[in-house]
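Both complexes below contain chain A, partnered by chain B and then by chain C.
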Partner chain A sequence: MWHERTRKLLAVGLALALAASMFGLVGCNGTEDGGEEDGGEAGATETIKIGVHTSLTGGLADYGFAAAEALKIAAEDFSGFEVDGTTYEIELVIKDDKGEPAEAPIVAQQLVDEGVIGVIGCLTSGNTNASLPIYQSAGIPVISGSATAPDLTEAGFENFFRTCLRDDLQGAAIGEWAVELGSKKAVVMDDRGDYAVALGNEVQAALEAAGVDVLRQEGQEGDVDFSAQVNNIKNFGPDAVIFTGYHREAGLLFKQLKEAGVDAQFMGGDGIKSDEIAAEAGGAENVEGALCTFGGFAQENMPGYAEFAAKFREATGKEAGPYSENNYDALGALVDAIKIAGGTDGAALIDALHEVEYDGVQGTLTFDDKGDVSVPGGGGTDLIPRFEFTEGTWQFIG
Partner chain B sequence: MSFEHVFSLTVSGVTVGMIYALIALGYTMVYGVLQLINFAHGEVFTVGGYIAASTLIWIGVDASTPLWVKLGYFALALVVSVVVTATLGWLIERVAYRPLRGRSRIIPLLSAIGVSIFLQNLLIVIFGPEPIIMPTAIVPAGFVNVFGARVRILQIIVIAVSLLLMALLTWIVKGTRIGKAMRATSQDREAAEMMGIETNRTISFTFVIGSALAAIGGFIVAMYYGSLQFDTGFLYGLKAFTAAVLGGIGNIPGAVVGSLILGLAENWGVGLTLGLLAWLFVVGLALGLYIQMVHAPRRRIDHIADEFRTPEYEGRLKAVYRLAPVVAVKTLLSERTDALVHVSARHAVQLMAGNLVLFAFAVVFFMNGDVQFSSKWQHVISFAVLMAILMFRPSGILGENIQEKV
Partner chain C sequence: MAGTFRRVADVFGRIPRWVYIVAALVLAIVFPMLEQAGLMQTLWLRLGTRTLVYVLLAVGLNLVLGETGLLHLGYVAFFAVGAYSTAILSSPRLGIHWNFWVIIVIATVLAMLFGFVIGMPTLRLRGDYLAIVTLAFGEITRMTFNNWESVTNGPGGIPGIFPPNLFGWVVDKPAEFFYLLLASVVLVVWLLNNLKKSRVGRAWNALREDEIASHHSGVRPTQVKMLAVVLSSGIAGLAGAIFAYYQQFINPTYFLFMQSTIVVCMVVLGGMGSIPGAIVGAVVLDATPEIIRQAFTQWLPDALGSDFLPGVQTALQTDFDRYRMLIFGLVIVLMVIFRPEGLLPDQLWRREVHDEDPRDQEHTRQHLFDFEEGEKDLEV
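== the complex of A and B ==
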């Protein structure tokens, strides 16, 4: 009996000690950061921490890799800029939320605790949605290069900005495209995540407005078996199947549709624009001829893309992945804002971001009142680039 | 709603159910001998698929490989995967569970969760976070037309292989010495030890068999879906565990039945119109009425002690069930005089309530016969089915503690 109690006491004591040591460490970090910021006098060098909130593991690891690598290049390019006689060195704090909305707020809190002055991210709309409240209460600006759900800039988060186009534009463009291809009966399927549902709703609305008969289906992100949906789709007999989720599920769905003998045009949004889809679909032949759109500008319309792509290839040995240029520009815009604000205070940075006029890879970027990237000459669906999957990769077709 | 649509939904449901069953068997066998829910089992399954896929990638199969060579490679990948995974299963038991034997049940459970997290991260470290892709050349791509529906050759193979393995397992458990030792260990470990059975070895053997089945399941999933990810096993493990509980945990045929029901619920639930689903309630209602009118009163009458057995007493018990609403409620409200009649009355009211619910569902579904559940509800429906079944049979469909328990 005594033994048991001593052991328990010991365990509780150890646990408390551990907890105390962890809080202690966090405290230390805080004071260190404060010290650095105080040291930022004229003529001095200051290292600023910028958070990269992305997903390096999980189903969208390739998007996350593209974002992180692009940001490393950007950090190298922009480091050492001078404002009011102070030289700023950029230190990236890269965190992985595993692509799970449940992990995202934890990562957000970690970044806030690290004392970052701004955050580039999150990778997906769902994770952004989950993290924004934390970043907002910490008062630091968040710029995403790939969160395309329309809601995000409509929800009143004054600290959120993005360098990609919104899904309402993209959804309308996908619907328009399907109608152009002569679709009469179409299936719209999402994965029940924030991004996919929002995009799916836009596509469905666009199709229905054009008089197309739409069957809506839902899968679940992370599922591998879509046999029920495939059977429903087969029974419906569509001429187009539009999946608005991400490439892993899209690959599995397209494979299972092909195997079930569904003969329809496969389409999707920016979430499927990854060459990994070929492998995930069990072979390029299952995706051959699939179409997708993208939430950024067409590559040939971006003034700095060729140069950026070359840099990316040199640094990583891989082709520039989806949204890498948008992430690069996100950091560029933040740096511009620091120059305008003359410091790294959160509130000043948020104000400054609205004034930014930044010449980036994608062109001259400004943000509107909501934090959406403003498109020179207004935003029509013709801005959205189109891709077709041929010979194992997504080819730009207009 | 054509017949071929219903048929292809059924084939898909059975295929998925069979895959769940291969995993669920591992859960149920381990629970049978140890009363431990081996949460690492889902990851063992993933490892099996990864080993098979990476063996085939390493050999380098392509479309030009002749068929018999492919079959040879296939067999090699299967053997490697089964051996490695079975060893892993043995190791997990030896390292993570055996030292904790005899502790309260929650401790090995935590250890199991720990092993599960460890294995997931090990897979990330070794193979990376991106999915591993099965070489397509090894996967039979053909299909046959059955009743106008398209059935993949692979689906037929999956179902056949699963049935074969289950038959093999049943033979091992029922017809061999080690199977007898497994049954004895599950019934009473101490007594089995006293009879000279090496329970530790028996338990290890159980883990080896369960892991080998999981490895084959992993291989099948990798072929069927073309790829596997480090966390695929988590969802499969969860579903297989649910299936095992549904069928009655610890019960081998139960795991198979539960898995089939889960697979079919997932496919039928969102694939059929309410008009067709209503027939399931009609079947359920017929079964429920049979239990209320015939089966339950007969069981109760068997319980009457010989000295009290009179035709009037038997008649009274039957009346409680057959005229349930009137007599049963009256009995429940009246003064409590006879325990058996009282218990029967309560049981009868429960059965009747269940039957009424089934009836109500059938009517509502028939009335909205053309509507179909949105596929958004897929997982909700399958879990609602499971909860409904477990509400009426908490020990699972085939029961938890019968002699066939392993």
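== the complex of A and C ==
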């Protein structure tokens, strides 16, 4: 009996020794390769791969579609730029993470394996959080056109940049607007999703700082019956109800509030800025006069928007979707960084992005030390555009 | 057909068990080296690491579902407890950065404690009732993490989890995590295999087969079941802790009910009560869909031209998750028809499912006959 055990131990030991020796060998070999790029040759053409990490399926597929289409237009516009005599052609590698944080690291790894020099994405803040460690260790710059959670640029990832405005700015702007309208008592409600909760917290903080009495309520994404919350809101008697989630729940909530006879100003963030809200609220009259903000610059204030929107319409036959211009500018900023860095080395690109002064659709963009976007002479809540729902659609009012 | 299968199975059955164990270990040890040597994309290593997390979970759930026969549908809750303990104690979230070993112990023990607290009321229930209560518990746990914003940051999740430091070895590459997980799997499997062969293991199986009979033979059901639940919760906690370190970010959407279901499928597919079965079940169910996806979206189009079954390509690219569930369902249905005892069944469980012992069949026939006779008597 015992000799069988000895044999087993011997076998396991040998296997481990074999494995360990191989590990040592390949460990040495592994570090030798690399450096296959030979940019800088006069007249040479180089194709660079740029990753697009977005969500083409799942709950936010329309945002992902807008991002991918805007980037295709941008790739066409910027392809063929020249740095030190080398002409660069852009090849986009578009990958879908379905809007799920569990899938995001897999997608990130695929893009790193593909050898992309930079990544535009991710679409949502949660997925960005889940993927950044992988891009960070690969030393690849990441520019998001739509990840708005404040903590992303506070976590110390030096490779992360964004061309959209942060939630705390939008939250402060909603709060400021409610105060301007003379609110003394306001309800802030979210849908327990990551985006709505973060924005709701910012709105609540802004309102409380201005001395407004706040009642916080919550629903669940996918809820259809808000009678418990409506009852609480009715008893509280607010002059403003601010819903920070998405339009489907917002429409139902506004309808049920109207039916319960709550007479308050309905407000929301960019999640409710969809014309579908009229149908979801059972008729435009239930949303008439509602107000919302947007997490990007006002279309009317963007110097290149009209031109970009026309291109988008021509390419896709649809109106430019939310955050599409931010994605376009993200690629533009990356191209600018390649020009400054004189190559596609990751570390050099990350340094160069801090120096970028890029004339894009949204205006002249620069990135601060943390990677947040800013425009000259701006940075306050006045950047946040305001909309009012009248005649069945969201109208820009300033 | 069945005869051929049995003959082939016999040939493989004659190879001693340790050969399989050594082969599997060598395969697992060599796997990350393929990536190091540049023969394999890092993606596959990342998927392999995820598979190992599922292996740990499947082996842990097998203890409750397979050995003891308790239908537990909230297993992901303990996984979440382990993951969140790690995330809270080793991230900038609350500014705590404790040692890896301390956290691993805390995560495991906390998950065990949770298992104990949940086990106290629920182990009095059997079958469907236990399933419903554990299912609810799994959802409650996730909701708690989703709403306990001051500590867990709610739906926003906890980013920036610090990499573990094992006596100066900082684990932060996929290959290193793969080996860390492999070591955990080996440790857990060794422990459970010894337990399975002990008095406790026999008591678990006895409870699964017939609770009342085993109770009368001197097995104390509640204590013995509790031991299984607590141990398996600990394993899930351990898996969760390493998973959190590996992902460096967690939020409540990682711990949906679907995860529990997937792990149940793995145990059932592999063979209830069989440790090698649970491992194979996890590997098959986690790896197969990914291989199918890669095959149809990358390898086959590369080999046969990009217009190879474009419909399948787009379907897999856009709706992969739903197709994965379809594959799961199909695999389970086929298995229940052709091999109800699972891929690598435990001997005891195989006999339970198949009833191949002629004496058993005789006994059943006799029993039915008696029953029919009784009916006739009643009619008269």
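Just so it is clear, the second predicted complex is superposed on the first by the 293 of 398 C-alpha atoms of A that agree within 3 Å, B and C clash if a C-alpha of one lies under 4 Å from a C-alpha of the other, contacts with A are read in each partner's own complex, and residues count from 1 in each chain.
Just so we're on the same page, a residue touches a chain if its C-beta (ideal position, glycine included) is under 8 Å from a C-beta of that chain, and two chains touch if they have at least 3 such contacts.
All figures in this text were calculated on a predicted structure; none of them were measured in a lab.
K.L.:
Scan A:Gly126 for contacts with chain B and chain C and give back first, second, both or neither.
P.N.:
A:Gly126 contacts chain C only, not chain B.
K.L.:
Looking at A:Ala102 after the superposition, I want to know if it touches chain B, chain C, both of them or none. Which is it: first, second, both, neither?
P.N.:
Second partner only.
K.L.:
With the two complexes superposed on chain A, say which partner A:Ala279 touches: chain B (first), chain C (second), both, or neither.
P.N.:
In the superposition, A:Ala279 contacts chain B only.
K.L.:
Does the superposition put A:Glu319 against chain B (first), chain C (second), both, or neither?
P.N.:
Touch partners of A:Glu319: none, neither chain B nor chain C.
K.L.:
First (chain B), second (chain C), both or neither: which does A:Leu56 touch?
P.N.:
both
K.L.:
Contacts for A:Gln217 in the overlay, against chain B (first) and chain C (second): which applies, first, second, both or neither?
P.N.:
first
K.L.:
In the superposed arrangement, does A:Gln110 touch chain B (first), chain C (second), both or neither?
P.N.:
second
K.L.:
Once the shared chain is lined up, is A:Lys234 touching chain B (first), chain C (second), both, or neither of them?
P.N.:
first
K.L.:
Between chain B (first) and chain C (second), which does A:Gly261 come into contact with in this model arrangement: first, second, both, or neither?
P.N.:
First partner only, chain B.
K.L.:
Taking the stated contact definition, name every residue in chain A that is touched by chain B in one complex and by chain C in the other, in rising order.
P.N.:
In chain A, positions 56-57, 192 sit in both the chain B and chain C interfaces.
K.L.:
Which residues of chain B touch chain A once you look at their complex with the stated criterion?
P.N.:
Those residues of chain B that touch chain A are 1-2, 5, 8-9, 12-13, 15-16, 124, 128-131, 133-134, 136, 139, 143, 150, 152, 221, 225-227, 229, 231-232, 235, 266-271, 372, 374-376, 378-379.
K.L.:
Applying the document's contact rule, which stretches of chain C touch chain A when the two form their complex?
P.N.:
Those residues of chain C that touch chain A are 18, 22, 25-26, 29-30, 33, 36-38, 41-43, 46-47, 92, 146-147, 149, 154-157, 159-160, 172-174, 247-249, 251, 253-254, 317-321.
K.L.:
So in the complex, the part of chain A that touches chain B is made up of which residues?
P.N.:
Per the touch definition, chain A meets chain B at residues 56-59, 61-62, 192, 216-220, 222-225, 227-232, 234-235, 248, 251-252, 255, 259-261, 276, 279-283.
K.L.:
Write out the stretch or stretches of chain A touching chain C in their complex.
P.N.:
Chain A reaches chain C through residues 7-8, 11-12, 15-16, 18-19, 22-23, 26-27, 29-30, 33, 56-57, 96, 98, 100-102, 105-106, 109-110, 112-113, 125-126, 129-130, 132-133, 137, 149, 151-152, 155-156, 192-194, 197-198.
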